[in-house]
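I have a structure I would like to understand better, so I am pasting it below and will then ask my questions one at a time.
When the chains are written out, they are named A, B, C and D in that same order, and each has its own residue count from 1.
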């Protein structure tokens, strides 16, 4: 009867990617703090598109502006920026993992509260692995939660700490949490940057004239003309007062385990993280992939946009022409219509179209960075075949994604991951390619500059490829989604 | 230069009234709980128009819907009502006393939290007089406030209580607060009604088939066809589980001091409160006024809409015709335009117009229920004079309002009250009338059925007329507005 | 299954009234033209609430602002008023007769077009009775209609006229139309007022300093402090240039037939029309009714708000107390929820509540101005009975409404009119009253100051009571609704 | 004082491109006509982003839905699509050339009118060159315009035609217009496609099962799985009834002059137009450019996204690596904030960032398709220099754009075109490059498959490069913008 259906999702292709959940930014001692924070967040938009927020302070009052949607749609008026008074500001972009529309409205960061020592705001990239237990304990003590975010537990722990300074309270709180966190916090006197003891998520320090800047990635420095100074260390806390900066390492010393997937997909290709150009890493992954998994072909075609750097590397190594065989339509709106069952597969073409000109009659190598559920890859391959490809080979510039991430990335539960359910041959058949191959684990480590993976003590967090989780996970994550969807979420707050 | 200005306010006349700050409603054990709550709140809309909220429960989950604006604009769709699942629901309408737009968005009741024993929602009519101190103490203990409402202190006190049942926690919390409160609370098992030991604000109990209903006024029973059972006692708590009701009086016994201004202005004329018809009380005030303060006149004209019953009473007693000498325009929008300085006084006519037909050449007695700042009365009198009245006399059906209320009513600070600043003669001159007179205190008590005011132990709270405050006020109310505009309000949350 | 339903309508009671379709306003030669037009339209809001519009000119350019909704919600910002530049402005409020949401968006007046001689805007109160034929002829000639309003035909006729001046074109156009029209038009040089040869709809002329003002009713003069000068004559055209005014009577002379229902219900009680105070007319109708149709009773209760003046008159004549036995809730939102079938009748109480205090045990006389379908009267009577009335009598301050109006009033088709379908006794039974009586036709004429109705040549248009239509109706009105719902309405323009 | 400014534009880079003004689509004889039209328009979104519209018919009624904004934001709900009933639908996307917000609201196509023969809708890509004169004549005849679009003149000419069939009326109308037009029109019986006698703008015919499809480009066929049949001829009219198609050539025969800029920039790279793959043409332009204008370099960097195919071609021919040296941020919102003067140049980086990894210390060749004002090129070059490029060379894959287009493209007035004002050397200096070179005219013709440009009778319309205008321009285009901004635009219609 009903011949029209909603497409499954807004971004049919991107939805089959792992999602970085957040980006953070902070700037102090600048008369344009809020405007620069908005620009910085805009450049970090790829780390989270569902909501954005900025908290600023002039040393006396705090101003908060948060909104669902993108930075450029909400922090785009003079009046909004002007009301975010003060010379220090921190901000956050978030990709909500909960499908629950209701909690989206309250789950916007930075979180702010008036504590006994004054206002305190915090923005968090990462995920706590004992959030559920912390929350239960805090509720038992009488704390009232207003969001379903793990980050709120940090706020309550700070509020309850008997520390004699804000910093002591924060350190006290962080000693009680487990997990991955890169934080930017703001008090009326100071901006604080923190990275968890393993340094799982990135956090970089920059300067713009007299101001210090903190951000998830260096692309946020480029947009405002700030200069990269260094990465915040794993387990380091920096406290910035005006143009002074103090550093401390209050946590037990541990070996850094930076997320290798930041190089594979999460970070922007023009960012420089942990001393390395992301673009170079991605091209190197393509080159390693070409060496490890060559195939006779006529054209190398990236799945846009994320597959492009690896495809260029692969093409150069393989000496097979790089061509735009898939054209991406950037005008996607919020949702879209899907016609009858008969043509429901059209959905896939909302965002991409095969470019017959370079595909028809050709042996095509599709380059992508990863396969999550595989549903999108399957549709792309079908589209490329319909455009007349003689052969379709797929090459993935990372190892098979077999495990969920619990450190701040939105991953489907493990049983939904194609590589967890199937062998590579089965995956090839499912996707419909003539051949499928992944970059090896050592190949990936070589591409990022290591000789090989140190199996005893890996140089990176690569749990999504290996299941080797560097931080224990207290919450019962194998039954439920990793985010603390606790009792409080039962109460649906509408608009 | 700028020849167009915004009128001072949307409702130029009404703005010169005291404002009841809230109305509450609750219904349990009804399959249409949310729909009936919306209807009940609609009938209580005169007690607060800035925001409305409903919390419902099906005994397992809680659903919350709150919105700025009127009930009929926000609880008017099937989908909203349907999502408020469950057979119990409590609701609230609020008149925000803070001009601060920002806090309006968070200061919507009922307040809800997931506490250790489960979900808990509370709706409050009244005002706590030690809220500021409570809040400072709670913040020191580590509680995080998300609103600037005094009501939130109750929620934190319940959360922190070591009581072994919800009821014990609530009683424990209420023993720590001072002030006026009529509360309706909701847990997954029970609906609870509470009235403070003095019973300052109203709360009535009704039945609709198997359901119990709680409401600020009986007009909320009429709209849903419920039957009035009785008023909740001062200091009484009722706990309603399904169709069972338990009553207790856990507080120290005190003499009831119901707000006499509810009869003068706040309540709807068709409500029946504390055993009396409001309409009859108001007509009786008009009659007493006519006896005490007669004047030779041709027409009795009410200031609409609140002056009408007293004017009818006055007209009957005085045997002078009652006429609609002022016509009210009910189509007022949100704000309105005011032309040049030269015609800025036009603003006053947005809502009212003098009806020349019955005013020209006449000796007019204007009947109103109270004078607050007097600015509106002045404009009305001018308008009536311009329409050709030969004489203008004003009669007020209550004594002069000389003191602020701290028990849940939005009063200007004392120095803004015309009757605090001026004698009756000075007021007459300020307003521009030929004569001005107020109902005497004993006349008011006679109108509500007492022989006279018992000066040693007054039968009502009449602090706004006498300064005789029955509840001590811990917060430093004479310096600041009574609402706890604490540090937290510095943080402006924008939508 | 679905236990919640939408109430039938927003304004359940008012919906059972005839609806005036429009109000017009114009002001020239004033530096605050647009602001004053907004105020004037606000005071005419009772004549149409669905849309509002203003066109202004500075003698060179024209500015148009139109909106769905009320004046106070759409012409309330400085920026809107400022962009309506110029010292002349005309405006319109409209009650759309079509349920069709789509056409509402285009059917907003004033209509504006750039014609060969320059810009031309027109606002129309009334209805053309040959609109359908005119439209068919114009489409055949190649005119493209953008609305479904009869008024657009006037615009096309002006555009096509070969007259050598704007005025000639307008007169030429009006000679081709039949029906009722009070028009205000605007060119870059002049403001023009027109009333049809029978003067069916009102149009009054006023002055404010150097400005001339035109309006449907004098209440629009009061709000801006303008002075009433005179009514525009039936068949008169006035042309206002700056502070000069010219009058002409270009049409065949006919006897005036002003709409008597303007006195019964449409006009505001504080307006002064055709030399008479509306309020006095309505009280007189109540008095005549009391004389003609007395009844033993304890209280006289108006159906608010329109029944109040007649009830006061009736009460005075009958010497039975006037009481507010029905309380009206003015906080109605756009729509509202209706609970289960079982309680669906609650809907009626959204807007009104019986005031038990004065009804219980009493013999009640309900006074209303008219009965249209009777559905609302029936519900009100039931509500009054449930509140304990001993007897309920209804008295209507006009004769039975037996015929539809085709001159600018939204009437149900004749077969929906209760008085067309039933005798007075049958109506009484349907409504559920102990007795029902209407004012006689001669009683109505006496109330408005005539000795009696002149049957051969009635002094007023009273077609809704008598079927004596003074203007022939070319369109096939007895089959379809009177508005020209032509082919063009098939095209639904969304948002 | 004011330290925050609005960025110059939303899309700082794209704004320095010529803009195609429209895309058209039509489908008949399909049960999913509206849904497929929405998809087709989505794929044509690059041809116009300011508004979109669809008109459908079921052979009896017509349904119209138009909206400002993108297709995916407005035609994305089941309800919108469902209300566009019928098995035929035509649609339009528009880039409004007028900065005037007001006219945007009325200037949305398809235009629809109820004419004497029934409903008629038309969607137009192109521009009439005698629109101003036509409009003046039509207004003199009494036609009332409701938009400021030239397309409306066609509608009025059809309405006024005395032709005996719709087709005769349309041909009659088109014989009176001059200019470029690819039209899709809809009557209750037929869908009609028309291309002007020179075939300036594209129009292709496709099939999907039993349906015929018309579209500006073949990418609209790909998205719905339709099959390309052929291009509509210059001067051809096709009339489609159900699954039957008739073709006629009613205009004087002329040599086709297809717009060569469609190959350079306007069309999507995956479209196939006039028998040629756009992607191949663009790569060929890059190759020709490399042959004509070689330069010693380390990297070839496209200005994304439009420069990519030419850069791949250039890189292949030059054997210099192709690298993503500029990263584009696709999350741009509607507008954005710009900080202080001091950092105002940041604006440029909202959309692009230099990728230091491949630029630092390198000799960079930037490839772009065209230079309009040059302001963006200047900023990009500066950004690339700041990222550490050793040398920056710019190569443009088309000749210098020296003349305005009057055939449906939004071009700045001629004196704003950089190539009109400066020599290539001056341009190089202005932009700040070490060298600048353009593709030659013959190089461009070679790239699109011709031996060379036929100077006497060019194979394409290349007026923007040569000033050789194939259609005379009656309107006084050298003084004003080409769109008919006539008197009617003075009336500003606000929403």
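Miscellaneous remarks
By our rule, a contact is a pair of C-beta atoms (placed from the backbone, for glycine too) under 8 Å apart; a residue touches a chain by one contact, two chains touch by 3 or more.
As the structure is a computational prediction, the values presented were derived from the model and not from experiment.
Taken together, chain B and chain C share no touching chain. Mean C-alpha positions place chain B and chain D at a centre distance of 61 Å. Distance from the chain A centre to the chain D centre is 36 Å, each centre being the mean of its Cα atoms. Here the CA centre of chain C is 50 Å from the CA centre of chain D. The multi-chain contact residues of chain B, meaning those touching 2 or more other chains, do not exist; every residue touches at most one other chain. Across the whole structure, chains are in contact as follows: A-B, A-D, B-C, C-D. Looking at the complex, you find that chain C touches chain B at residues 2-6, 31-32, 35-36, 38-39, 42-43, 45-46, 49, 70-78, 81-82, 219, 222-225, 268-270, 272, 277-280, 305, 308-309, 312, 316, 321-324, 327, 329-340, 343, 346, 349-350, 353-358. Looking at the complex, you find that chain C touches chain D at residues 60-67, 80, 83, 112-116, 118-119, 139-140, 142-146, 155-156, 159-161, 486-488, 490-495.
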